[in-house]
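Structure first, commentary second.
A, B, C and D are the chain letters, set down in written order, and residue numbers restart from 1 in every chain.
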Amino acid sequence: MNGGAMFYGAAIALIIGGIMIAATKRNLIKIIIGLNIMETGVNLLLITTGYISGGTAPIMNKTWTKVVDPIPQALVLTAIVIGVAVTAMALSIVVRIYEKNNSLDIRKIKEMRW
Amino acid sequence: MTLFYILLILFVGGILTYLGAKISKHLGHAIAFTSSTLSLYFHSILYGKLYGFTIDIGLFKLHAVAFSPLSWLIGEIVVVIGFLSILASFKEKHSDFYYLSVQFLLAGMLLFVNAYDSITLFLSLELVTLFSFFGIWDGRKESAVKYLIWNLLGAYFIVAAIAILYRFTGSYFMNEVHYLGKAQKLVLFLLLFAGFAVKSALMPFHVWVKDAYRDSPHSFTALLSGAVSKIGIFGYFLIMFYTFAKFFIGAKYLQLTLAWLGGITALFAGIYATTKDDSKELLAYSSISQLGYVVAGIALATPLSISAGAFQFVGHAIFETLLFFTIASVAYRTGTTRMTELGGLIKKMPVSFIGLLFGIIALSGIPPTVGFPGKWMLYESFIIEGRILLAAVIFTASITAFLYSFRLVYSIFLGPLPSKYEDLKEAPFNFTFPIIVLLIPLLLFGVQPGIVLYYIDRFLSIFGIGKIEHSYSYIVTSLGKFNALYVGIVFAAAFVFAFIVYLLGGRTRKVHQFDNFTAGEVVDESYKLHYVDDFYLFLEREIKGFLKLRIESLYDWLSKFVDGLGDAVRRVYSGSHGDYIVYLGFTLLLLILIYGGKLWF
Amino acid sequence: MVNPILIIAISLFGAFFIALISPFVKRTGKIIAFLTIGFDLYIGASLALKSLRTPVIAYTAGFKPPFSINLVVEPFSAVFLLIVLTIGFLISLYYLAHPGEEPEDKFFTLLILNLMGASGIIMTGDLFNLFVFFEITAISSYALVSIRKQKASLEGGIKYLIISSIGSSLFLVAIALLYGQTGTLNIADIAAKLPFINKSVALVAFLLILVAFFVESEIFPFNGWAPDAYQGAGEGISALLAGVISKAGLYALIRLTFTLLDLPLRSKLLIVFGIMTFLIAELSALKQKRVKRMLAYSSIGQMGLVVAIFGIGTIPALKAAIFQGVNHAVSKVALFLLVGMVIKNLGIYKLDDYKGLGRKNPLLGLLFSLAILNLLGFPLFAGFWSKLSILLSTGKQGLYLLLSLILTGAIVEVYYYVRFMKILYERNEEASHLEIHLLEAMPIIAMAAFIIIIGVNPGLITPLFEKASEAIFMKFSYINLVIGG
Amino acid sequence: MVLKIIEYLGIVFGVIILGLLYGGIARKVIARIHRRYGPPFYQNILDVLKLFAKSNEASHGVMFNLGPVIAFTGVLVSLFFIPLGSFRPLFSFEGDIFVVFYLLVVAPLGMALGAGEGANPNATIGIARGLTLMLGYELVFFLSVLAPMIHHRTASIATLVTVQSAFPHWNVFPFFISAFAGLIALHGMMGEKPFDQVIAPHEIASGPMVEYSGKFLGLLQLYHAVGIIVETGLVVDIFFGGGNWLTFILKTFFLFITLVIINAVMPRFRIGQAVKFYWKYPLVISLIGLLIVAIWR
């Protein structure tokens, strides 16, 4: 197989932890950090799927015998970029919220409900 | 294809009326008049023919065939009443859209009575619902909404049945139910029956009627009661003697249950009608009650009782429409339909009075009017079948008809004339014309019931139910005989005799309405001489407990419950992102556990 | 040769062209957006027409699938492409006369990107590519929702962002799992290899995908963001949410659950969650006091209904669901645009403030009524046929409970919409007169015309749905199409 | 034809005279029970003649005038459809008991319409009471009449009369329970005490008749007179075997006098009480009667 259970475990832990942070924290920045942690977990999971224990970087040279799958790495690169974009978007919204409310507490922006 | 062209005339006429009315009110009226006259003419010449059409709209094929003799009969009722209603409505104030909806409604009803497949049936049913909704909408919107909700409920029963029927038969035609189990047939039948029961206002689906009839435009109420309610009755005929004919003819207990439902409707609605202060509410309940007879008759499913039901519904179409037209003319002149505010109008509006008088005579089923033969056959068939209690219930219901119909004629036309109506004139021709026109069949079918019965015979023979013994003027059953012509002649002779006796007496003088016996008091306007409020108070007092028991309270509770449910349910959206994430996470975990659990353990 | 890539290329070009010239030429965004989306629509329509005869596949980087990213337009995606682009086009038409959200140029850039993302979701044949387009759509819609500097917009935007990014992460997890099993990202390829995928991985991936796109297609209980986003966003954006973004999410949901992971539990889950959404949303709409929020709940409810019907999974049901999806898109977009016109003129949000508006402004009232009656499924309107098809297909499968629940929800829906109509037509002397720009009303009039034409002759459009439903029903034809030929 | 018409006219006159005499005798009987002297038994005939001779009487309008005429028409029509014993079925074969039931309503309706236009609340209250009372007795009467009808499987009164032509075959013997209920109903139908709420002279000043005088009242008297024969005749035909002209008259007379005697010694129910009374006892009795028939068959 191409990866240890440790990586999978860590990835899942990161994902669940991130979601829990996002769910429980009240500070918007912390929520976004939670989302980022979750993204990191997902990325780790992606990488793990293509990882072969002891493999080298997928560079085409003469010595390649045991390389990791390159596609997940490409995917992760894209995912990281997307994650950054989402974070940027989130932060810009948060900035505006802060301008409006003078607070980062998400409980204070619970006007719309029911 | 004539039927198709009639529908086309009505649809195009409706749109043109709407557009024409934008230019000038009179142009709109002219177009509406033309299209309704044309549809009346073209439909009338279809008499005795087999007609229909099929059009392919891609998704479905729509078939309309006059497969039942009743199709033409009800269609004719529809176009006649539609024509009269449109004629009368010219004098009333309506939005431009009203004429469109009336013409579309007529088209929908014509399509319904000729619908040969369930898609056309449902389509036309929804058309009828929608455009009668718009007709009532022109009066008062709350009632229109109530009407719509109830009738959609009915339509949904029907569409559910259609969908299930389709599942089992694989066909959209209404005539194929052979290989269904008894229970399935029963359920489907009851679904369809409930759907049509809403349309024909059978209890317990009658609660929309009061509001809808009271608040719809007055000339439209005539159409609603006279024609739209017939849609439900036609539906009963359709399912009882066509789609589920074999099943229904054999299902004695079902027949009895439905007949009892009709009987109870007739009785309860009759009692409620006596307690109403508004003439249109009263007539609404009377309409429910009269249609109860129809249901009781056709549900019993003997040739005689079916004829009774069919005759009664023809009669109902005539006299109930007549009554609503007279109320329309009164309301047109006085601006109110509340009986407590009216009185003494006989002196001002004699034609309307005659209309109402004959209307109530027919309504209470007094011979020789169109109201009697149906009731007579109903009693005979009940007794022959041994349904004595049912006969008793129907009989009691018909006594309540005397009660409320007298209240109607008295409160509006008799009694003292309020001074504010001193300058009143008879309603314009647009109202009196329908009244006079409807008086003709009212009396003609009363003395010659055979005219209608021969038509019903064709229905009975085509659907293989049997036949009854009758001629143009008499009907014979195993119990007895009713010769309408003789009754009519004796009536006329007796009246002449009584009138001669009357002429033998001395001359009389006309006195003022306050010149009457008041035990010495000198009365004027300030005395309340018009006994109209709480007309049957002593009766109401005796049946207080019964009157309190209303199905409406159940429905109110139900609607409140749904409202509260809505309020409770929306609190799920708490507005907190944390909750939403928790919903998401927990549902995901739950799903994984449930389905993973199946896989892993 | 029309190439699906053109849609993406043109959109990107248009979007960045706006950004490029906006410092120099002000207020051209809406025109460029209109032209770009119009061109997209032209290409999309010709693609769709072509795909009805022979499906169109475009390869990138010169490799055949599964080794490269490919764009596939076959009847099912063609229908969704048409919906999305037509609605997008109409919205951009609407914005020609309607002021766009400030800053306008960025707004229109985002609008084009959003549509590009949505069309990408619909056309792509690659799982990760789908994720990318999905994120493009999502990020642009976060921005579009919160572009108004109002509390409500920001609140809606941030909630949408949080929930939706969790959803997309779940989707990415699913991609990772599937890739780990199959070593490929091509949808058709994975679908072909489904029998060889570990059962538990397939299950988990399936559930993750389901949840991820339930979030996007507003299915309860994953739709907490939806009412707030609808309410907070500008009216055109609400229309976009109802007509484009949720439809793209729906497409992905259906494509991935029908073609990619065709698990038997799909049917039950879609039906249960769909009908639950339908009922809960309709009930929630019952007590709303704000028009947009009411429409939002109704939109959610309709999405639930469509998903439930998709869940039945027979060809008639699929056809009915697509039809209903189209009707919902048309009606709801028309309603949101109308509300936008009212808000632009009068600045009113509450249901009660609409008193008498329809009576005073006949055109507005007429269009409102048409859209509502279509949505409620009355005859002479297209909605009648779709609702009838839904009921017939439900009955045909013997799902009586579903049938009765649909009818129950429909009654509730009728009630609150007719109440809204009643308010519109109530007698009110103080009702204001609206200045309706004809260009602004044009898209709505077009939709009304569509509603009535299809209502009178549904045969004009149903063959399209027929083909689409057959295409999605037979997943092997898709697999063969992409990797077989 | 002419002969036939003359014959019918003769019957009508005979019944009118007979009815008026019955009414007069009733007044005499009541007076004697009340320990009064009372008017002569032909007083009613004199009254009618006097009333018709009066002129310049108050009229409130067309319907007011026509009301008594319709009322009289109504009873006359019913008269023609009820066999006067086996004496003359007249048109009885042309319309059975259900026709008669409805024809019987015409007369009260006419009176009600006429009284209505009189614009006197007393009259209307009387009518409202009458109609309410109808809700009580009509059903009882209907149910009790059903018993012999169902047994003999006919609704034709003339046929009923023929099947019980001999003395011991009177329907009253097998159906005595139904007949009893029917008699109570008849009592209400005739408006005798305790069911005279319609007229109630001391409360509502003769009710519907309050505005009427002169020939109108005369017509109403005639209506009442014929009504006595019609209503009692109906019961006699159904339960007491009809009979030839003499026995028919005797039977109706004794039936009527019995009712009058009860009337003479009774107070008056409140209208609510009266209706409730009908719904309680006679209804149950008539139902029991029907049940017996059902079991017997």
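Brief remarks follow.
One rule holds in what follows: a residue touches a chain if its C-beta (ideal position, glycine included) is under 8 Å from a C-beta of that chain, and two chains touch if they have at least 3 such contacts.
Small disclaimer: the values here were computed from a predicted structure and weren't measured.
If you compare B-C with B-D, the chain pair joined by more contacting C-beta pairs is B-D. We define each chain's centre as the mean of its Cα atoms; on that basis chain C and chain D are separated by 78 Å. Chain centres here are Cα averages; for chain B and chain C they lie 44 Å apart. Remark: chain B and chain D have CA centroids separated by 36 Å (rounded to whole angstrom). Spacing of chain A relative to chain D, judged by their CA centroids, is 99 angstrom.
Of all residues in chain D, none touches two or more other chains.
For chain B, residues that reach two or more other chains under the stated contact definition are 570, 573-575, 577, 581. Residue positions of chain C touching 2 or more other chains, listed in rising order: 158, 162, 166, 227-228, 284, 287.
Contact between chains, using the touch rule, shows up for A-B, A-C, B-C, B-D.
On chain A, the positions that touch chain C within their shared complex are 2, 15, 19, 22, 28, 31, 35, 38-39, 42, 45-46, 48-50, 69, 71-72, 75, 78-79, 82, 85-86, 89-90, 93-94, 96-97, 100-101, 106, 109-114. In the complex of the two chains, the chain C residues touching chain A come out as 128, 131-132, 135, 138-139, 142-143, 146, 149, 151-152, 154-158, 161-162, 165-166, 169, 172-173, 175-177, 179-180, 183, 185, 227-228, 231-232, 284, 287, 293.
Note for the complex: chain B touches chain D at residues 344, 346-347, 350, 353, 357, 361, 364-367, 372, 375-376, 379-380, 383, 386, 388, 391-392, 395-396, 399-400, 402-403, 406-407, 409-410, 414-416, 474, 477-483, 486-487, 490-491, 494-495, 497-499, 501-502, 504-511, 513-519, 528-531, 535-536, 538-539, 541-542. Within the complex formed with chain B, the chain C residues making contact are 158-159, 162-163, 166-167, 170, 199-200, 203-204, 207-208, 210-211, 215, 220-222, 224-225, 227-228, 265, 269, 280, 283-288, 297, 373, 378-380, 384-385, 388-389, 391-392, 394-398, 400, 403-404, 407, 410-412, 414-415, 418-419, 422, 425-426, 456-460, 462-463. By the touch criterion given at the top, residues 9, 12, 51-63, 65, 68-70, 72-73, 76-77, 80-81, 91, 93-99, 102-103, 105-106, 109, 112-113, 116-122, 124-125, 127-129, 131-132, 134-135, 138-139, 142-143, 146, 149-150, 153-156, 159, 205, 210-211, 214-216, 218-219, 222, 270-272, 275-276, 290, 294 of chain D touch chain B in their complex.
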